Structure formats: C-alpha cells, structure tokens
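Note that chain A is present in both complexes that follow, paired respectively with chain B and with chain C.
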Partner chain A sequence: MADSGVTDGPDEKGDISHAKREGTELTKEEKQRLRKEKKQHKKNKERKDDKTSESQKEKPPTERSPTSKQAAHPPTQKAPLAVPTPAPLPVPVLDAPAPAGKPAKSKTEIKAERRARQEAERASKQGKKGDVIPQVPAGKAKLQPSELQPVVKRLPEHVQVDNPEVLKKLAKKLERQQIPLRSDYGYKVSLFSHLHQYSRKAPLTQQLSIPSTVIHPSIVRLGLQYSQGIVAGSNARSIALLHAFKQVIRDYTTPPNEELSRDLVNKLKPYISFLSQCRPLSASMGNAIKYIKKEISNIDSQCKEEEAKSELQKCIDRYIDEKIILAATAISKYAIEKISDGDVILVYGCSSLVNHILCEAFDKCRKFRVVVVDSRPRLEGREALRRLVQRGISCTYVLISAVSYILPEVSKVFLGAHALLANGYVMSRVGTSQIALVAKAFNVPVLVCCETYKFCERVQTDSFVSNELDDPDDLIVTRKGKTQLGGWQDVPLLGLLNLVYDVTPPDFVDLVITDLGMIPCTSVPVVLRVKSVDQ
Partner chain B sequence: MNEEELVEYFRTQMRKDPDMASAVAAIRTLLEFLKRDKGETIQGLRESLTWATDCLTGEDSSVAVSSAGELFLRFISLTYLEHEVSRRKNTHKNTCLGRRARTSFLHALHFHVGLSQDLSRCKKVMEERGEMFLEKISSSRNKVAKLCHTFIKDGAKILTHSYSRVVLRVLEKAAAEKKRFSVYVTESRPDTAGEQMAKALGKLNVPVTVVLDAAVGYVLEKVDLVIVGAEGVVESGGIINKIGTYQMAVCSKAHNKPFYVVAESFKFVRLYPLNQQDVPDKFKYKADTLKTVQNLSEEHPMIDYTPPSLITLLFTDLGVLTPSAVSDELIKLYL
Partner chain C sequence: MELQAVLMAAAGGSRMMDLTYNTPKPMLPVGNKPLMWYPLNLLERVGFEEVIVITTKEVQKMMSTDFKMKLDVKMKLDVVCIQEDADMGTADALRHIQQKIKTDILVVSCDLITDAALHEVVDLFRAHDATLAMLMSKAHEFTETVPGQKGKMAAEQRDFVGVDESGKRLLFMANEADLEEGLTIRKSIMRKHPRMHIKTGLVDAHLYCLKKMVVDFLADNKSISSIRGELVPYLVQKQFSKAINSPTTKDDAEDQNQKQKDGNINMELHLSSHNEHFLQLARERSCWNDHRGDMSEAYHGGKLRCYLHIMEQGLCYRVNTLAAYIEANRQAPKLFEEPAIHPSAVVSEKCLVSSDSIIGASCQVADKTSIKRSTIGNSTTVKEKVKVTNSIVMHGVTIEEGSNIQGSVICSNAVIGRGADLKYCLVGNGQRIEPEAEKTNEVIVGSDQLMEI
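Right after this comes the complex of A and B.
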C-alpha cells in the first residue's frame, strides 16, 4: 500500500493521533516515533535512566531497529515465553550506547539485566491503571479476537471480554493497527458475559472515515456484509473472504526495500482484525487464512512481483475449487449411497452442502421426501425450503418445537456443520444438538456432512466457553400489533440471549461424511493427522 | 485360469483344511491365479484379479472373502510402486507412498506398459508379497488367541454364538494354559452350527452346554463374559456376524457383561451400515440363495449387524482395539 500524503511528519503525539483519526496511514517514521515515545514514557516512570533513553532517541532508524523495536514492544504486553527470544535482539541495539555511559558489562549480564527489567515492567504494569496511551473513551467491554499463540496455551481474547486487562491489551493492538473498536451493546446474560454482543444497528464501518486508506475497500465491504448478515453460512463466508483477498493481492504493490512474502502477511493482519471485529471468524475462515499466509510466506524471494501475485491468485482459486466445490461433489457421491428410495429425510436450517446433496440425489432419481425444521430468530429453513421446492422435491416444514412429533416418520437426519472439533464434537447452528438428541432417542440415524477444511484443532465439550452472541434485538417480534419485548433494555435484570452456535457430542452422531470418505465422529483426529502429513 | 478351474481350486483348498478360514482359501486361490496369469500388462492383471475375486464371492458370499480379496490386491499393488521406487532410487516416505498407491496404481502403470522384462520381475515380487501376505494372515489366528486368552480368568463362564474357528482357537489356548472354564453355546439355527462347536469343545474336555437361541437372556445372568467371532468388521467399529449376534449384544449390554469380538485383520471391510436394513443384500444371504431365488424379501437373512456401541473390545492381530480405533486402523490399511 502506498504511503499517505502526509509528508511533513508531525513530531507531536497530538498530530499523530489527529492523523490517525483522519484515517490516513501513518508513515513508517511516525509509527516508529510513536513507539519510541511510548517506550520512553515507560522507561521514565521505571528507571529514570536518561542516558539510555537519549541514546535510544538519537539512534537513527536503521533496517534492524524497526524490527527489533517491534519485537521488543510486544513482549512487554504479551506472553512470558516470548521474552527470551526478543532479549538477544535488543541487546545488540543497546550494546552500542551502553559502553558510552556505563562501565563495560558482559553480554550475559546485560541480558539478565534486560530480562529483569522487563519482568519488573510487566509486574508494575499489572498494578497500574495503564493510561500511558490516550485512549478513545470507550463505553463497555471492547476487544478483538486474535489467533492462539502456538507455544503458550492461553485463552483466546474473544472469550475474555469480562477481563479488563485483556481488553486493554487488545485495545492497544487495535490502535496500533488503526482499526476502530466496536463497543458491546445491551445487558449480557451472566453465563455468557465473557463473549461479545454487538448491535447490528452500529456497524464498525460507521466509525471509519471515507475514504480509508488503512483498510482496502473490498475488505470494508466484506466486513459490512458479515456484520449485517448479508453473507452468512460458513462456505459463503470463506469464499467471499478468499475473493476479497484475491482483490487485495491484485491491488498490492510491494513497497521499496520490502519483500513481498513478509510485507503482504503484515498487510493482511489489520484486515483480519477488522473482519473479526465485524463478526468473529469462523473455523473455515481461520483455516483459509492459515493457508493463504503459508502460501505467501512460501513465495520465493527471487520471484518477480507480477509472477508472485498471479501465483497467489492461482493458489486461492485452487483452494476454493478443491476444498469447497470438488469436496461437495465427493461428499454428495458418498451421501447418495446412503439415501434409498422411500426415505424421509430431516434437515435443519440452511446448509449449502446438505441442499446440494439433496438436489443431486433428486437428479439421480432417488424417491424421497424432506422435512425441513426451522427455528427463530433466523428462520433460515425458509431459504432451504425455497431451494428444495424449486427443484421439485416434496417438503414438509415444521418449527423445532414440533421435532419430537415429526420424528417417528423420519428415516434419516442430515445435518450440516460449521466446524468439526478435534475431540469429535460437532459445532453447528444452535438447535442442532437438540435435533441430534431427539433423533437418538427415536433411534433415527444422524449423518453430519462436513468438508475437511472445516476440521479444526480446537477441543470443546460445551457450548458456553467459545460461542458467538448475535444481536439481542433480533428476538423482538411484533404480533397482533403488540411488541412484547420492545422495552427490554428498561427492565433491569432482563437479558436476551441470541446464541449462534452449539456443540453436539459424538455419541449422538452416527456418521460423518467428508470428502475423504465416511468416518465415525471419533476419527476426526486421524483425519487431521493424515492431512498434516500430506501437507 | 478360467472360472471353473478357479472355483474348483477354491473348493479343494476348503476341503483340504476345514479349519482354514474361507478367506485364507480365497487368498490361496488368488495367489495361484496370479502365478498362472499370462497377462501382458499390469492393468490387465489388476482387472483379472478383480474378476477372480468376484467369482469367488459368487461361490462363497461371506463378507470376509470380498474384504480379503480387496486387501490382497492392495497389498500387492503397493509392491508395484515400491519396486518402481527402489528401481529409480527415489526416496519417498512410506505414508506418502501408501496414499499414492491408492490413487495411482493405474496411473503408475503408464510408465511400464509393454516392458515385459520389468513386468515379469514385477510379477515375481508380487508373488513373493502375496506369499508374505498369506503367511501373515495364516498366523493371525494364533496372534489373536495369544491376546485374548488372558482375558479368560480361572473359573470363568463364557457365552458364545454359533461356530467360530477363531473363538475355538482362543478357547484352546486358554485350556492349554490350564485354565478352568465352562462354555454356553447357542444352537444357532437354521444350520445348528452350535452343535459343531459343542463337539469340538468336548474334545478339549471343556464342560459345554448347548442352549436355545431364545435362552440367551435367561442364561446371561450366570455368565461372566461373551466372546463371539465376526464375519466382517465394518468402518464404524461394528461387526457383521451370524444372525443372533445383535440380540446377544443387546442383552449383554443390559446385563452389563463385557462383549468381546475376536477377528483377524483381513476381515476389516469398507462398509458403513447405519442399521440392519443398510447392510447390502449380497452379504445377507448365502451365495446359492442369491443366484437361485427371485424374491429376496421372502428369504431369511443369515447375518446381522451389531453396532459399535454394544461392543466392549475387539481382539485382532493388529492388537486389542476399541470400536472407535477400528476406523483408525482401516484408514491405515486402505488409505
């Protein structure tokens, strides 16, 4: 991305925050200066060692220092395990100024000192209010989900909304990436107070200025589509994401003195933060992003920019083709074997994959009829009903409260999945586990259809820890002129809960149909292992 | 080797050693077929082997014969590519090779169609691998017996179903270890194979009682454990066995008695039945019934499907497995 037109390079912090609010991208020097000032503030409070800080200021920004500063900056905020790695990096930077003022110390002593200093800094920060950086006044909880660190097993930020320190860390991260924070809305039910709850009437894009040179316009559009529910369903979201990234790559130009493989990945990070602020990332999107990042970092540094860009676009096209479109064909091939003439098939909600399977089976002249089960507030079943009836399949439509009434007639249940977890649990639209439970009680086989790119390494045994809360205002409905829940905000202890996902244990699922074949639910880790060997 | 010769050879093998599993006889026949095959191409060889397996399934429709045939084919086709690879002095990981083998048996042959010298060398290696495979599965029953007999404690009362040679071998081993136990065998209509089992056990001086199939629920409170054989082990971890096994499994679950299954690894098959109805017809009835009878719905099925939730453990030559581990093993065998 080209640098913004602000060429004067304002020295004061006020100007920098002004530039940020205008939505223009900070130049590299401005970013460095901001970082340096923050560090200075901290150092002044801790040690009052003027010589070191002065010599740090004087040091001209070289190629190494931005990276080392960046490396030094996060350890003070993030995991303790990250400390040893940046410690060697800042040491060579400080080595030069240190002998200037202090008596010559050995490298190990300096390292140990540095480590002790960082520990002390972190300890004192925990106790402080931490108003070093001027914050945008925030209402309630705000945060931004980031990816799990591979080494240290911490809770992801998006399930720690009620922890103010986590929020502060994330607010700082977002500020650095110049992404506006989205504030939570409404009273949250206590069991789910650790999750975000946003209102659809306050999309993140309202806080962005137009035009914004920080975030690519196709990403802004995508974020809006996600938060308003225009693009919904995990396959649709992943495909939209990949197309938006293709556009980003097309418009990308490598800045001078930078490598495409490293710079592009860094460019994508604020976009991903923005998208997860609009709507939390799904497992399929997470896997797609991991794939893209891997492909980008594998780009040969000798490659010309045009070649690299077209290569990346081809990779993305191939991913969509293989993992989504061809996988759907393979899954329908296996699933059609399980549909026999005279079957009554129950489906829940609108899963693109299950609809595809049923349409294919109908084209292959299997005689069956479908029962579509639907639930409020999304009423996605109506979309599925529309698509199936258009094909000519005879359907019945019921609400989820009637499922135990209709199940004695049903011979099979086909369910879609949002993600398949490593312990065999199926994460899907809320209501799925209820249907699986009732089907098990009636001894009706439950089949889950899921592509392998939705398999994720996470382990979850309940629907509370990691979930998504949708806009609570969706539950308000007007019947016969009366809106019962209209004034819910005024009732002090009333909370409306609009959950999006739930988790089904593997005992209720008889069979999982994937593009690799038909497997029992407990064999998901085997597939993950096989896949990782393949890649 | 045409169809009659094939079937005749198979029948002779069965007659020669009645203790041998029909699947082992099928493998012997396929190996003989491979030796006598005069095909020029690998693809032709593969097709004729598939045809031979179909003929044998036509003779004996048990699940084990078809699964053994498929595994044999897979085992020797891995040979082809290993031979290929070692010839070209490539270094591939074994797992990578296994997966490639699955999809590229036909793909790889494009390199070597028509090179007769290579073909004969390949065939030789295939035959050797076939012999190795046969040896491996012949010793599988002993491996299973070695694993299982430790689960039979002194003074145990065992319930078993119909005539299974693997269960017999297990009980022989346990008796040889000087354990005292008594056995209840179900009569297992319509072919009353239970009587055959009782006779064989009598020769071992094991106290045995033959009970009616209807008396399984009655006798279960006296029994300590249930051991059955299997005709096929399916992908879900469930088993296909003589009719009456499912009933026994349900009753033992109700009584909280352990339900053990003993099966060799060549019986693992790539089926995934959801319920009784989902088992393909070609396995449900005897081969002659399938050929002669027009309306199958009037025939009584000979086998049933036991779901994995009712099985405690499976003893195979690959080790002692829980039903959920069967899928893992199948992926390793077939993928």
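Right after this comes the complex of A and C.
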C-alpha cells in the first residue's frame, strides 16, 4: 500500500478517509501496514542501536493517531489548532515506513511533534463530553498505537472476570456512564470462572430509577427482554437491537455545540454497555453496532439534523432488509436445491433461518420429514417443533441423548449458527458440535446455514475461552413435587454449569450456505476479506 | 420520558366518614405523616422527579401548609384541582388531564402504604409490552379492635382474580357484586389458558401502569368512570375478545351494540397503530413462547395484555376503612428509620413511653404518664397521670389529667376531660369529652356530622 517514501496526495487522503471511517479503530490495511513496519523495524533493531530504532518505531504508531484523530477533525472549529500539525505530520508518516536508510529525527523535533499532538488531543477532548477511548467490544483485539512495544493484543474484558483489575476498570467505566453493575451469582465452575454468570431473578432494572432517564426506555425494555429470554436467537436479537436504535435516533436531539456524528456515537456507548450487562452481546449484534457506528460517523456535518436522522433510519432499514431478510431468501433458495424428495432432515434447537428454509421448501412441494433434536435446559426444540408442525411438516422429536439412535434414519443435518469464526469454526448453541460429530461418524452430510453478517473476525478453537454462562438455576427442575438440586448453593463442592454456546470444527461441517453462495467452511476468511474490502 | 406518575388524591374516604368528615382522607395523619406522603415517598424513592397530583382545592391548601410535605417531598408536584362535588371517578380524572399525559402512566392511589419493589410491576409492563400492569398483595387479617364497631362487620365483597400458570398474566377479574348468578369463564380463555388459578384473598393496591393509548381510549369512551371498577375489568376482558385478535371479522353491527362496537373499534385503532413492523419480525424469529402445549405463537397473537404482580411478602395497606387505618398506624412507622420521639417534643423523665409508640413534634407529655403502642400527634398536650394504650391521638389534642384512653382514635383538636375513661371509642374532630366520662365502644362525633346522611 502506501509504503513508498514518496508523498502521494490521493494516497494520503485515502489513508485519512480510511481512518476517518474507522474512527479510533484501524482498518485491516493499516493493521497490515503496521505489521510490515514492525517487521522492518525489527530488522533495523538488529542492525542499528536501540535508541534510533526505538525512535523510528515510536514515530509511525504515534504519528498515526494524530493523523486519524485529525482526519476526524476537519469539520469542527478546532481545525485552527490542528492546522499547524498537518504540515509536519504527513511527512514523517510516509518517511517512517521507508527502510532504515533515513536517519532518525532529532530528539527536539520528536518532542515538538509530540507536544503539538498532545495539544491537538487536548483541544479535541475539550469539545467532547468526557471522551475516553472506549473498551473493546466483544471479541476484538485492541491495538495500542501509543505504546512503545510492538502491538500488544489485549483480551476483551468480558473474558477476564477473574482478574480483579479488569473488574475494577469495568466498574469504573460503568460508574462513569451511570449504569449499574450487575453482580455475579453463585459458584462458578473453575474452568469457566473467567466468565460472567448472572441470575435472572436479579434484573439490572432493580438498580435503575423507574422512569429511566439515563438510558432510553426502549433500550431498558430491550435489555429486560434479553435478560429474561423473551428475545432470544441471533437474528431476533439483532433486529430488536436495530429497532431500539431507531427509536433512540428518533428521540435524539443534538445538544448545542455538538456534532451529530460524534455525539450520537457517544450516546450509544452507555446503551451498549447496559445491554452487554443484561446479556453479553452476540457476534451479529456486534457487527450491527459496528455498522451503525460507521454510518453515524459518516454523516456529513453539513447535514441538517432531521435529514441525518431519517438517513440513519433508512440505513438501518436497509441493513435489516439486505442482511437478514433478503439473505434468508437467498439462503433458502440455495438450500432448497439441496433438499430432495424423501429426505429426512435433522435440525437442532430453534434456528430461525433453518425453520424458514424448511417452511419454504415445504411450500415448494418438496417431500421430506424432519427430526427435531432438543436439549435441556432451554428446550428450544419445542418451539421449532410447533412452528414446523403448524405448517404441516411431519416431524419427529427426540432429545439429544437419542441422537445416535435416530441418525441411521437421517439423510441430512441442517444446523443454524450464532457466528462463523475466522478460522472456519462454527459457534452455535451448545450441543451442535455433538450433533456434527455424531453425524460425521455416521457419514451424514452436515450443512450449516448462516448469513454473512454473522461472520466474525474472532478465532477460537475451543468452547472454553469465550462463551456465555446462563443462569445456573435453570438446571433445577421439579418433578413430582421434589426439587433435587434446590439447595445446590449449600453443597460446597457442587457447581452448576449452564453453557450457552459451543464451537464446531470445520472438519465436521460439509457445507456452509450463505447468501453469497455455498462455500466450504474454510473459505470463511476469504469472505471476511472480501467483505472488508467492499466496505 | 418513560413513565409519568399520577397520584389520585381526590378520594372522599367514604368508608370512614367518622374520620374524614373534617379532614380530607389524603391528609389524615398516619404515623404523624399525612397519608398522601407515603405514596409520594414511594415514588420519590424509586426515582420519579415529577408527579401529577389530582386533588381538591381543600387538600391543596392543606398540602401547602403542611410542614412534612414541604420539607420531605423533593419532587415537583403538578397539582390539578377538581371540584369536590363533581363526583368524578378516577377514570374521569384521567380524562380530565389527558392533555398533560405524553407517555405511559403509573397511577397510584393516595391511600396506598407499601414497601413493594415497584420495579417488579414496571418490569412486567416493559418486558411484555403490556397494556396494563398492576400490583396486588396477600390480604392480612386485621386483628385490632375497631372502635365504635358494634358486632362483626359484614364481610366485604370479594374480588375474584384469575391468573395463569406463571402467576403473572391476568386472565380474569370480577367483584362478587357483579357476579349474580355465579362465576362464568369464557371458553376462549380456557382454550388459550387451560390452567387458571383463581384467587380471592388478594388486596388490590390500586397501582396501575397503563399505556398512553388507554388514556386516549378513555377520552373517546366517556362511559367509563372508574379505573378499578370499570376500566380494569374491561381491559382484562378485552384481552380475549375476538374483535381485537381478528380485526377483519366484524359481522354483527346491530344498533344496540353500536356503542360497544365503537369502543372496540377505538381500541383496535389504538393498538394497531402501536405495533411496529420490526418488533413483529423480531418476535417471529425469537424462539420464545409464553405458553406451550398448543399451536399458537407467543401471547396467542394477542396484542392486548394485562399483567399482575402479587406481593408475597412486605407491607401493603390501603387505608380506606377504619380498621385499615388503625393497622396502618401500627405498621407504617416500621417502614422508616425515624426516632420514635420527635426531637422537639417535651417529654418528662418520669413518664413511660414504650418503644413502639410515636410522639409527634412539639408535644408536651407530663409526668407519670404511660404511653404504650400509641401514636401521639403533633402539638398534643398530655397532662399527668394519663394512660394511653393502643390508641391513635391526632394533632392538637389536649388530654387532661387522670384520663385513661384505650384502643381509641382521637381526632384532631379534641379535648379529653379530666379523669375520662375511654375504651374503644372514636372521638371526632374538635369534640370535647366531659370530665369523668366513661365511654366504651362509642363513636362521638359532632351533631352536624350526624345530619349528613
């Protein structure tokens, strides 16, 4: 990319517009560039002494942040302060990637640049309301450009619950955003003690004032519906989230001396923290939030507020239409090709997409029957069973413990996904990997249906690192008046584990049906790359 | 804004006329605080910043002079006065303030004393997008002897409340008075909710969360005048009405049903404009259902839903009878951590004040008195050798020496003469009991009050 030492006008603008689009995050290209620079600097380190190489390494990361911050600034009145900096800065940016032939800048010049950069940052901070670079949304590694070391990947906070410092930081952040902290409940099994575990009987609304003023009422309602499980399922959660954001945007008014493009993003941050306290965000929700933030930051500053708001609402409508509804239509079109007459299809749990495919196939007069596999404690298969039988599809219902008995009858397995990870693993409801494993053992083809907006850049090979712990009391069941596990908290060595997700390796998945077509599981990184280039 | 609070403080206190003929019910002292202070305090604790108070001019005047109200209530009170003799029901009052209402409302009655967790009711309202959410509590028997009661009181008309299996969804509500032939439950309800629990021992706290469209509906339907008596049973019944769930079938349009139909149509209009396209999409894709066993979707596709939260533990009193008033006086002080003896009261050392008594501000209690399990109001004078047991003494009362007051209610500005012996009596406002009088189980009120039948 822009690794040449020559100052390119359009190239630089591309750089700035890239950075502007991403806000405080870096695009893939910039990350790649940084990686290349790192490698070059490591070579320099071997050749030169530490001081020179350090100063060279320091420059590109440090100069990058003022460039990106600055790029976001042009519309504001803070431009005069930032104006003195553009002249010296672009030059060192393009100087730095050059190989170690150029001599390092003198110490005084570095100090002057750093001072100018700090002033620009201070000026921008005065304009914003308590602006602090936010914590990372689920699953993204955070790049710290201002650090002296080469890029350090940080774990997201929601998988570091057993680390007291992280908890303290989280508590401080929530306090600043005026959102109550939800406390963990019950004994956590040691392998999963790094995850949050909440009780459904202690909703977050207990600690909020009743006519909620800090958080928009539709977000409070959404959070309640998430934590009580009324809105469950990846697609449903995303649609409900976007609907709530539409309400927020509708009721939003720009405060004086503020920009809609920046203030609205800041308004959304505490809402997102609140929602993730109610229930950890899903990958699809994370992608939807990224999209909205990008759209908001792209709003032209000259735009009037009403126009901007209606534009954003249209964007949200478009996103839902394209990524969820049309995608479902496209996926069912591909999937129906794979369903032939006389098929026995096995489905697990209640996936809105798989149910949609089966209903469409039935409408197109394919003759097949369905085996619905279900598992405790959620027993979502009952809902899938109801929807399919209501349409007229003949179904069989078994629990997951009977899956190896029923598989000899089955000709295909259709699975839904919560997210598709960058290394080809499928993250889905707990039990999915079991089904895929047993199906592989019986040589039954496994087809995973997933929209592209659920593709995630995270990489995971096991279900322990990043998962969700549901309320352990859900595992307690009362039969014939007796509740055996009722006093589980009193038994010292007993822990109840209610996992929500698990990951299935790509070896067990034969085909992934997406709205872009039917791809093998290992092609997911390609799709991700294509998507990011498009955007 | 999410919710607007509305406090109904125009009630007359028709079931305790002896107490309320001079003091309006919202200002009756309970634990030395005016009755309406309790719901206002509840709203303030929960986080409300503004309350619309519907009351009469008399109460408004008393509110502005009341010491406690001015100091403690930090919320902004928007007082709306209505004519006392207009005989407005609670629903009529809501219709009166329809212009002020911009969002969903939380209606509270002024005689509610409770420590309920309001978020339980409001969470039901929010999570299920309900039209109505209300609070009820298990009724407690009142054990105190009620002064002036001759014989057992007639059992009050019971309320029949039908809830579904989860105990949250309200399926049926009727008062015994309306059920002449017996309790009939429509088949449509039974088909959707085969298991219904019918409860009778519940006390309605008169705390309702209502959607804004209900207020708009009330504006169009002027025939509904009481929330509890007419609106709530109407809404509960409308949940299962065919017209709501299948708006296309409007077969019969007879003239006598026309008015009712208009009501139906109005409700449908209000409901259908409310539901959003995306919410519907989200609900279709969500794998949640509130019931199982039949083929219908969540909530049976019904748009109107009524929810109920039943308090198992905690205080919940509705001070609308004398017995409730006495019980509330005993229990209400336990809600707050306030010193039993007000710092400005002058209590001599030689008197015996038990720990569960309350002495109000500026009181003067002389030597050798014994005060047990009683409430003494503000600015009351208690002279020597007086025994007050199990009683409620309101403000400005003078009790002369040697009196013995047991189980009684003494209203404001009364004077109890020397050596009087009152057992289970109710002394009205400003009455004088002559010295050496002995009265048991009597109601002593002014002659002018007796004329008001």
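One rule holds in what follows: the second predicted complex is superposed on the first by the 383 of 535 C-alpha atoms of A that agree within 3 Å, B and C clash if a C-alpha of one lies under 4 Å from a C-alpha of the other, contacts with A are read in each partner's own complex, and residues count from 1 in each chain.
As a convention for this text, contacts are C-beta pairs under 8 Å (C-beta built on N, C-alpha and C of every residue); 3 or more make two chains touch, one makes a residue touch a chain.
All figures in this text were calculated on a predicted structure; none of them were measured in a lab.
> Once both complexes are superposed via chain A, do chain B and chain C end up clashing or fitting?
They fit: once the shared chain is superposed, the two partners occupy separate space.
> Name the contact category of A:Val533: first (chain B only), second (chain C only), both, or neither.
first
> After lining up the shared chain so the two structures overlap, which partner does A:Met285 touch, if you call chain B first and chain C second: first, second, both or neither?
neither
> Looking at the overlay, does A:Ser523 come into contact with chain B only (first), chain C only (second), both, or neither?
first
> Check the residue A:Ile249 against both partner chains and state whether it touches chain B (first), chain C (second), both, or neither.
Neither: A:Ile249 stays clear of chain B and chain C.
> Between chain B (first) and chain C (second), which, if any, makes contact with A:Asp510: first, second, both or neither?
It touches chain B, and chain C stays clear.
> By residue count, is chain A touched more by chain B or by chain C?
C
> So, does A:Lys412 touch the first partner chain B, the second partner chain C, both, or neither?
A:Lys412 contacts chain B only, not chain C.
> With the superposition applied, I'd like the minimum CA-CA separation between chain B and chain C in Å.
Here the least C-alpha separation of chain B and chain C stands at 29 Å.
> Is there a shared patch on chain A that both chain B and chain C touch, and which residues make it up?
The answer is that chain A has no such residue.
> Show me the residue ranges of chain C that touch chain A in the complex, using the header's touch definition.
1-5, 46-49, 106, 117-119, 122-123, 126-129, 276, 278-279, 281-289, 292, 295
> State the interface residues of chain A toward chain C in the complex, per the touch definition above.
Listed in rising order, the residues of chain A that touch chain C are 203, 205-206, 208-213, 217, 220-221, 224-225, 228-233, 235-237, 239-240, 242-243, 246, 320, 325, 349-350, 352, 380, 382-384, 386, 389-390.
> Note which residues of chain A are touching chain B in the complex, please.
Within the complex, chain A contacts chain B at residues 338, 412, 445, 447, 507, 510-511, 516, 518-520, 522-523, 526-527, 530, 533-534.
> So in the complex, which bits of chain B are touching chain A?
Interface residues on chain B, with respect to chain A: 95-96, 99, 235-237, 272, 274-275, 278, 308-309, 324, 327-328, 331, 335.
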